[in-house]
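Heads up, there are several structures right after this.
Here come two complexes built around chain A, the first alongside chain B, the second alongside chain C.
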Partner chain A sequence: MAVNMAVSRIKREFKEVLKSDEIAQCSIKLELANDNFTELRGEIAGPPDTPYEKGTFLLEIHVPETYPFNPPKVKFITKIWHPNISSVTGAICLDILKDNWAAAMTLRTVLLSLQALLAAAEPDDPQDAVVASQFKDNYEMFCKTAKHWTNVYAKGPHKFPDFDAKVQRLRDMGVNDFDARAALSRHNWDINLATNDIF
Partner chain B sequence: MSSSQTTTVNDPHLDNTTTTNNDTLPNNNSQEPSTSTDSSQYRSSTQYSFKPPPENSKTSTKPDLDDNEEEKRDDSMYVCNICLDIAKESVITMCGHLFCWPCLNCWLETKPQRQLCPVCKAAISKDKVVPLYGRNNEKQQDPRSKKSPPRPQAQRTEPDNSQNYQGFQSFGDAGFHLSFGIGAFPFVFFGSSFNFNDIRQRNGQNGSQFEEDQFLSKVFLWVAIIFFCWLILA
Partner chain C sequence: MKVTVKSWTGVALWKWIANDDNCGICRMAFEACCPDCSFAGDDCPLVWGHCSHVFHMHCICKWLNSQLNQQLCPMCRQTWRFNDR
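Right after this comes the complex of A and B.
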């Protein structure tokens, strides 16, 4: 019974999302990743006036058998620099995906809440402690880094040639692209600190 | 009236971020002329419940009964906030939110320590929901008094340990006899050890089973002796 309930609800929700205004505005997207409505792909647009603006962020959504009584499991596939999202795994710290889930919430409200999370980070309840402390201690650096990640991983428009150059220098030393960028981001783009961190 | 009401039912506005601007949408659903002022949400939910008829909702597939259009318009107001289908065995919370009783019950059982309305997160309880009885409600029976459908169960296969199980079973039996028959204790004890023999024979021979039974027999023997001493001393 539980399986049927989860599947029939996802089917209804799926149609709801397809007809929603947000789809029309290309603000959120939802598609099936398998045939039995348990794995889905979400997509959210970075909200305007944030470092994520004009970026496109992909999400992996797993619907448990006990849905909607338990929340869907969601994580970012697209790499993102945000206090409440792990820069490494994409794991999300958001109350409604944990204790504050309610059975009347839908995948649409989840996607919209994630969009809202991008617009309003909560550094005091972080998933990624390094990002959160940068957010609090050096907000300007945080914004630049987040914009850079949006550019590199989410097709955002803002290029940072000096950041790219530093990543290239570490790559020349044999570090892979992501590790180089993550280390530099963690150390406010100080290449010496980043190098020490890696080697 | 129906427009705003429906919106609340379908779209819980759980977070402040759900900015729906339903009313600004031009109405472009020509196939439903009766619903001229409805939002997209309203439209879509009606379509779910009517176009591909869901397995279990008989109301939607019934073509006869009086005014079909009227029925269509009203149905979407009665969509359960959990399964998103027309509510069955409907109940309404004190905060005004509609659910199927089985759906709400399952939610309350999922979070027994935090009983909150799934829509608005108001505190709710089993005793404070109001069952809804419509005119054509077959039997006006409080849905809460019915046995709710079995809870979803996790998929788990038991390891194959029927042998041990047998052992436990006979142990349980013996325990039962012991506690009931203090007066006739020794007889019951012998009875239960006969049982062991029986089971062993029925099960075919198995070394470990045999040893286990032997062990149990010994345990009971000692228990019986201690009991006996106690009876005599007391």
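Right after this comes the complex of A and C.
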């Protein structure tokens, strides 16, 4: 009898991803988060020559019952500083996850598209307007901030002691780690502006 | 030496002539049926688009019915037109 197409397809895709070249190169990963193939966990490596290089980014993937006729719902679990990804919720603005989805796309192509999005931001179609305006107005500051977030949240290699010190100063005033970092990032690491924003 | 054939059983293989092994929508082999069917072959036929892409008829119809504005091929995003070969 008729089987749910979403489940049978995800089972096949799962096997395909495990055999793919990208898995062999450790550039993407996919694992199940529940037993009925509707919740999955994705992982992508930050692309080389970007502020996300050598970072590891986790994604939450929900497969709707109408898959593959509707796109999977994907968001970042790992905090990330990127114009097309909400720094607060991890929500993603990417056309193929919305209107431009096609039934021939797979979880593997979605993960690869997200990796490509990290390498090529679209600041004119932002999900996070603050990050997007920093990207356009102060690109150097954007890169440093994105590298810092990659270091703190995604195991990236680039440490920024002056940023860490400013976060610590706000924490000493009782602000939690993420709120402190987010406020400083929003204000180009000006501690006075960040302090005014929080209090 | 003379051999007399007393009986024989014919065996035949069939295969769709398509440019791919699997349906891009349900990812099942073309020689198998779509997930909604039980029997492959005439009960679950393939259809070709003008763009040359091939799908199970049931799969592409479901896809086209799920599209509100445009009817695009799920592979190449060209406007989908059935190719009656």
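The rule is short, and it goes like this: the second predicted complex is superposed on the first by the 196 of 199 C-alpha atoms of A that agree within 3 Å, B and C clash if a C-alpha of one lies under 4 Å from a C-alpha of the other, contacts with A are read in each partner's own complex, and residues count from 1 in each chain.
The working rule: contacts are C-beta pairs under 8 Å (C-beta built on N, C-alpha and C of every residue); 3 or more make two chains touch, one makes a residue touch a chain.
Not measured: the values here are computed from a predicted model.
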item: Superposed partners chain B and chain C on chain A - clash or fit; value: clash
item: Partner contacting more residues of chain A (chain B vs chain C); value: B
item: First (chain B), second (chain C), both or neither touched by A:Ile77; value: neither
item: First (chain B), second (chain C), both or neither touched by A:Glu65; value: first
item: Chain B versus chain C as contact partner of A:Cys143, first or second or both or neither; value: neither
item: First (chain B), second (chain C), both or neither touched by A:Ala91; value: neither
item: Partner chain(s) touched by A:Ser20 [first = chain B, second = chain C, both, neither]; value: first
item: First (chain B), second (chain C), both or neither touched by A:Ala116; value: first
item: Clash with chain C, by chain B stretch, listed 19-27, 91-99, 163-171 or 217-225; value: 91-99
item: Set of chain A residues, in rising order, touched by both chain B and chain C; value: 1-3, 5, 8-9, 12-13, 16, 66, 68-70, 102-105
item: Touch list for chain A against partner chain C, complex; value: 1-5, 8-9, 12-13, 16, 66, 68-70, 102-106
item: Chain A partner contacts - residues on chain B that touch it in the complex; value: 10, 12, 14-18, 20-22, 25, 40-41, 43-45, 47-48, 54, 81-85, 97, 103, 106-107, 110, 114, 116-119, 121, 149-150, 152-153, 155
item: Residue ranges of chain C touching chain A (in the complex, touch as defined); value: 24-28, 34-38, 59, 62-63, 66, 72, 74-75, 77
item: Interface residues, chain A side, partner chain B - complex; value: 1-3, 5, 8-9, 12-13, 15-16, 19-21, 65-66, 68-70, 96, 99, 102-105, 108-109, 112-113, 115-116
